[in-house]
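Quick one: this structure, given as C-alpha cells, is what I'll be asking you about.
Each chain gets a letter, A, B, C and D, in the order it is written, and its residues are counted from 1.
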Amino acid sequence: MPEMNPADLIQRATQWWSTAIIDMKPGVIRFRGYPIEQLIGAISFPQMIWLMLRGELPSAEQGALLEAALVSAVDHGPQAPSIAISRMAVTCGLPLNGAMASAINVLDDIHGGAGEQCMELYAAIAQRLDGGTALERAVVEALDTFTAQHGKIIPGFGHRFHPTDPRSPRLLSLVDAARDKGVIAGRFADIGRAVEGELQRRKGRKIPMNIDGATAVIYAELGFSPPLGRGLFILSRSVGILAHAWEQSQQGGRIKGPMPPSISYTYTGSPERTLSEAAGQGPDTKQGAASQR
Amino acid sequence: MPEMNPADLIQRATQWWSTAIIDMKPGVIRFRGYPIEQLIGAISFPQMIWLMLRGELPSAEQGALLEAALVSAVDHGPQAPSIAISRMAVTCGLPLNGAMASAINVLDDIHGGAGEQCMELYAAIAQRLDGGTALERAVVEALDTFTAQHGKIIPGFGHRFHPTDPRSPRLLSLVDAARDKGVIAGRFADIGRAVEGELQRRKGRKIPMNIDGATAVIYAELGFSPPLGRGLFILSRSVGILAHAWEQSQQGGRIKGPMPPSISYTYTGSPERTLSEAAGQGPDTKQGAASQR
Amino acid sequence: MPEMNPADLIQRATQWWSTAIIDMKPGVIRFRGYPIEQLIGAISFPQMIWLMLRGELPSAEQGALLEAALVSAVDHGPQAPSIAISRMAVTCGLPLNGAMASAINVLDDIHGGAGEQCMELYAAIAQRLDGGTALERAVVEALDTFTAQHGKIIPGFGHRFHPTDPRSPRLLSLVDAARDKGVIAGRFADIGRAVEGELQRRKGRKIPMNIDGATAVIYAELGFSPPLGRGLFILSRSVGILAHAWEQSQQGGRIKGPMPPSISYTYTGSPERTLSEAAGQGPDTKQGAASQR
Amino acid sequence: MPEMNPADLIQRATQWWSTAIIDMKPGVIRFRGYPIEQLIGAISFPQMIWLMLRGELPSAEQGALLEAALVSAVDHGPQAPSIAISRMAVTCGLPLNGAMASAINVLDDIHGGAGEQCMELYAAIAQRLDGGTALERAVVEALDTFTAQHGKIIPGFGHRFHPTDPRSPRLLSLVDAARDKGVIAGRFADIGRAVEGELQRRKGRKIPMNIDGATAVIYAELGFSPPLGRGLFILSRSVGILAHAWEQSQQGGRIKGPMPPSISYTYTGSPERTLSEAAGQGPDTKQGAASQR
C-alpha cells in the first residue's frame, strides 16, 4: 500500500524507466535527438545501429567498416549449435521469433563470446601500451595473464575447421585501408597482428586470426566496448539464424532431432533394476514414511 | 540399433540437414555461391540480408529501400513489452544474448506479427486484382473477409499512441520515388493507400497507415513473403532491444520489476482461508488416501 | 504526459496487473487464500500445482493421478529436440536457466502440443456425447473433422519409436483404478479407448494410445482445459530438460553441434560464382545507385 | 568430407551424445535403470526429480523434505520480473511454452541465483568446519571472503519486502523435525542459523533467513550441489510462471507493457537536433565516402 502521496508516486513511476535513446510524443519519434523521418533513407542500417548504441552518428567510412564486420559473421552452417537450434525449433512448430530466440540465447560465453573476450585481451594489451610497455612485451604479459585465468584457448585465433579463416585477410585489408585514410588509428590492428605473431612463436606454427579476432580488431578500432562486441556479433549472426529458420520452414520436417532416428545415442547408466520393497523403495514407496508427515 | 549398413547410415546422416545457403570447406565459405571474401566490403548489410534470405543479390536501389524499412522500425520505447523485457532481463543478471532472446521471443503474432498480417491482407487484395477485380472492390472484399476472421483491428493502420505515425509518410515518399525510377512496380503502394481510404470511409475519420502498414508495402513491393515480413521486423527491432539492454546494463539496477515497489498490484482472489481437516484437506492431506496407492 | 489526476493514475497503475493467485503483504504470502506456511509440508507438489492453476485444492487421490501423469512424461532421450537443445546450450556456456529456456521454448504445437490437441479431440467427442450422439459415431465424426482440418496424424496415438508406448498401459490402469474408487467418472478413458479402436478399424492395425493420449485422458478426467495439458507437459518435461542440462555440464564439451564434426551437411545451393560488375553487382555494388539516394 | 571409414563414423555419431539418465529401445523406457512403468504411480514427483538429477531414489522422508522446498518457492507475485515477463509475453500472443521460456530465462544470477550462491556460502563454511575451524569463526571468515568478492548483499538473508519471510520458519521447523528423525544430519541448519546470528551482530538488527537461505539449507542437507539449487528453484518457480501466464491468457489484454500507457518514461537524452550537412552527415550521408568503397 503506497505511503507516498499520489503525485510523488506518479513521479517515481515515470522515472522507473529512463532512457537517452528515444523520445516520443504523439506524432513524434526521435532517436538520440534526431527525428526518425530525417534518418530514414538518409543513413545506413549500420549507421543506425551505431547511433542507437553509441549516441552519435558515425562518419560514412566508420559506418562502412562496421558494415563489413556485420556482413562477415552472419552464418557458419547447420552444424553450429545456434543454427541447428534454429532449424530444429522450426520443425517443432515455432514461428520465426521463437526459433530465433532459442538460437540467439545460446550465443553465450563460449559460442558467442569469443569476440568479446578477444576485445578484452586487446584492451589489456592496449592498457599496457598506455603504461609505456613495448608492444611485444605487452602481448607476452597479457597472454600469460589470460591463459592463467582462462586456459589455453585464445579467443580470436585458430579455428577448428579452417586452417585459414577466409574472412580474416579481407577484413584486415579493409582495416589497413581505413588506417591509410585516417579513419582509424590502427592501434588494434597492430595489437592483433602482434598476438598472432607471439602465438606462432609459442606454438611453432601459425595460429591465424579468425573471424572473432578480426572483427574484434574492427570493433575495438571503432571504439565499441567488449560486451557490445558480443551484441554486434548477435545482430550479425541473427541474419543466418533467420535465414536457416526460414529455409527449414520451407523444407518441412516434423520434430527433427539432431540426427536421423536410425542413429541412437550411447547409454552409460545403470543396468535394468527393479524398485525393491527394501529400504522403503517399493510400489508404495510414497507412503514409506507417511506417519512422519 | 542401426539395421542399415554403415555407408548408408553415413549418407543419411550427411543428408539430415541440407541447405542452399552456405557451402563450407576448410578455408572456404561461400554464401549462395559467392565467396564471403568477395562480399565483405562490397555489399551492404541489407543486401547481405536479402542474399541470405532470397538467394540472389538485390540491386543497390532495392537494397536501399530495404534499408530504409530496417532503419525505421528499430525501437518504440521502454513501454513496449519487448523493450521492457530486455531491460528487466539485464537487471536479473542476464548477458546481452539472454536479454535479447527473452525479448525477441515475444515479437509474436500480436506484438511482432502486425507487419506479417498486413502483408497477408495486401496479398489477398493483390490476388483479387489478378483475378480481374477492380481495386476498390478488392479492398472492400478483403477487408470484410479479414474482419470476419480476425476482428476489427486492421494490422498496419491506426496507432494507439500516434495520431499520425511519423515514420509512414517518409517511407511512402521513398516508395513513390522508387516507383518513379522503375525500381518497384508500385502495386502495393496503391493497395495500401486504397485500404487507408476505405478505412476512412468506414470509420468516418482517418486511420492512417502506421509503421507496420508502410513497411508491409515495402516488403511486399520487394517480393518478400509475409512471414519474412515478421523476420525482417525482428532483425530491425533487435537493434532497439540490444540498445536498451546495453543502456540498462550501464545504468545498473537490481531485479527491476515492471513498476516501482511502492506500486502494488490488485488481488482479486479468495479471502484468507485455512486448510481444513475436512474432505482430506488438513496438515496431513498428502496422506488423505494413502491406502489407495 | 498524464492528463489524469495523480490519484486516478495511481489507481490505474495499481490495477494494471491483477491476479487471484497470490496475495502479499509484508510478512504475509497467501496462495488462493491459503497462507503459504500452512501449505508447506502439508500438501504435495502436484497438489500445489493444481491449486495454483485451478484455484482450489484437489483431493489426495486426484493429486495422485496428476502426479502419475507428471512422473510419466519427464524425458524421452537426447534425440528429442528439446533435450538436444538443452545439452547443446550448456556446451555453449549457458547456465541452467538459459539452457532450460531455449529448450522449453520449443515445446510448441508439434513437439509439445500433442497432448493439448488430443485433449481437444477428446473434448470434441465429449461435446457430441452431450448432444446425444452415441460414442462410436461421435468418434467417427470427430476424427473425420480432425483429419480434414489437421491432416492424418492423430495426436495421442501411435509412436515413431515405440510399437507400444510402455507408459500408456500403466497410466490407463491407474485411471481404471481411480474410476473404480469413484475419483473420476471415466468418461475420457472410454473416449480414448474408443478412438484407439476406431483407428485400428481404419488402419487395419493397432495404433496404440501413446504418452500424450494417456496423459490427455488423465488431464481431461481431472478437468484441466487443453492448453493446460500443454502447460502440465511442460512442467513434467522440464525435469528431463534440467537433468540432461546438468549431466552435460558435468561431462564438459565445448560448442557441441548436433553431430560430430566429421559428419557434414548437404549443400544444395548455387555453385561457386563471382560478383559481377554487371547489373550494379560488383566490388562497389553498394554505390550502384548512389545518385538516387 | 569424412576421412574415416563408415563404421568408425557411425560409432562416433552414436557416441556423440551419451547419457546415464535414460535407456530406450522400442517398447522400453528405463530411467536410471528403472522401467518407467514401475515408477508411475509408485514414486512421487519430487522423488522422480531426485532420481533424474542424482541417479538414485531418495527415501520417502528425503522426498518429503525436497517436496516442501519445491512447494515453498513457486511464486512471488506479478511485480517479480519473471512473473511480469510471463504475463506480458502472453499479451503479445505467445503460447504457454513461449511465455514460460522468456520468463525462465531471466532466473539468472541475480533473480534466480540467490539460492545457488547461498549454497556456495554454506559450502565454504562447511569446508572450513571440515578443516577443524570452529563454527563461529568459519562463518566470520566465509562472510568476509564473500563480501570482499561479491559485495554487501548476502544471498539468503534479508528481504526487500518481508521483515520476516513467512516461508522460512516453517521450512526450518521441517528441517529440525527431519534432523530429529535422523533423516538429515542438520549441519547446514546449524550453519544457516550461525550466519543469521553473525549478520545480526554485524548489522545490529535481525537479518532473517529468507526463502533462498531456507531452501539452500534443505538442498544442501539433501546433498544437492549449488547449481542444482538453482535448477530446483527453476522447477518450483515454473509453476507460478505457468499459473500467471494461464491467468493472463484468460484475462485477455493486448500487448501490455509494464505500466499503463498513461504513465510514460523519463527521457534523459539529447534535445532535438537535425542531421547537418557538415561532417558528412546530411540527407545523403550514406554517400559521404562512397569513393572509398
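Just so it is clear, contacts are C-beta pairs under 8 Å (C-beta built on N, C-alpha and C of every residue); 3 or more make two chains touch, one makes a residue touch a chain.
Every value quoted in this text rests on a predicted model; they were computed, and no experiment measured them.
Q: So chain B and chain D: same face meeting same face, with over half the numbers shared, or different?
A: Chain B vs chain D: same; shared/all numbers exceeds half.
Q: Note the rotational component of the Cα superposition from chain A to chain B, reported as an angle of 0 to 180 degrees in steps of 5.
A: 180
Q: Rounded to the nearest whole Å, what is the centre-to-centre distance of chain A and chain B, using the mean of the C-alpha atoms as each centre?
A: 21
Q: Quick one: chain B and chain D, Cα centre-to-centre, how many Å?
A: 30
Q: So what's the Cα centroid distance for chain A and chain D, whole Å?
A: Chain centres of chain A and chain D, defined by C-alpha means, are spaced 23 Å apart.
Q: Enumerate the residues of chain B that touch no fewer than two other chains.
A: As it turns out, chain B has residues touching two or more other chains at 2, 9-10, 13, 16-22, 35, 39, 41-44, 64, 77-79, 84, 94, 98, 101-102, 105-109, 112, 161, 256, 258-259, 263-265, 284, 286-287, 290, 293.
Q: Testing understanding: with touching defined as stated, what is the shape of the graph linking the protein chains, line, ring, star, complete or other?
A: Drawn as a graph, the chains make a fully connected set, so complete.
Q: For the complex, give me every residue of chain C touching chain D.
A: Touching chain D from chain C are residues 1-4, 9, 12-13, 16-22, 24, 26-29, 31, 35-37, 39-41, 43-46, 48-49, 52-53, 64, 67-68, 70-72, 74-79, 84, 87, 95-98, 100-102, 104-109, 112, 161-167, 169-171, 174, 227-228, 230-231, 234-235, 238-240, 242-247, 249, 251, 256, 259-260, 262-264, 284, 286-287, 290, 293.
Q: Under the stated contact criterion, what part of chain C meets chain B in this complex?
A: 10, 13-23, 30, 32-35, 38-39, 41-44, 47, 55, 57, 59-61, 63-64, 94, 98, 101-102, 105, 177, 181, 258-259, 263-275, 279-290, 292-293
Q: Along chain A, where are the residues that touch chain C in the complex?
A: The touching residues are 2, 5-7, 9-10, 13, 41-42, 77-82, 84-85, 88-89, 91-94, 98, 101-103, 105-113, 160-161, 254-259, 261, 264-265, 293.
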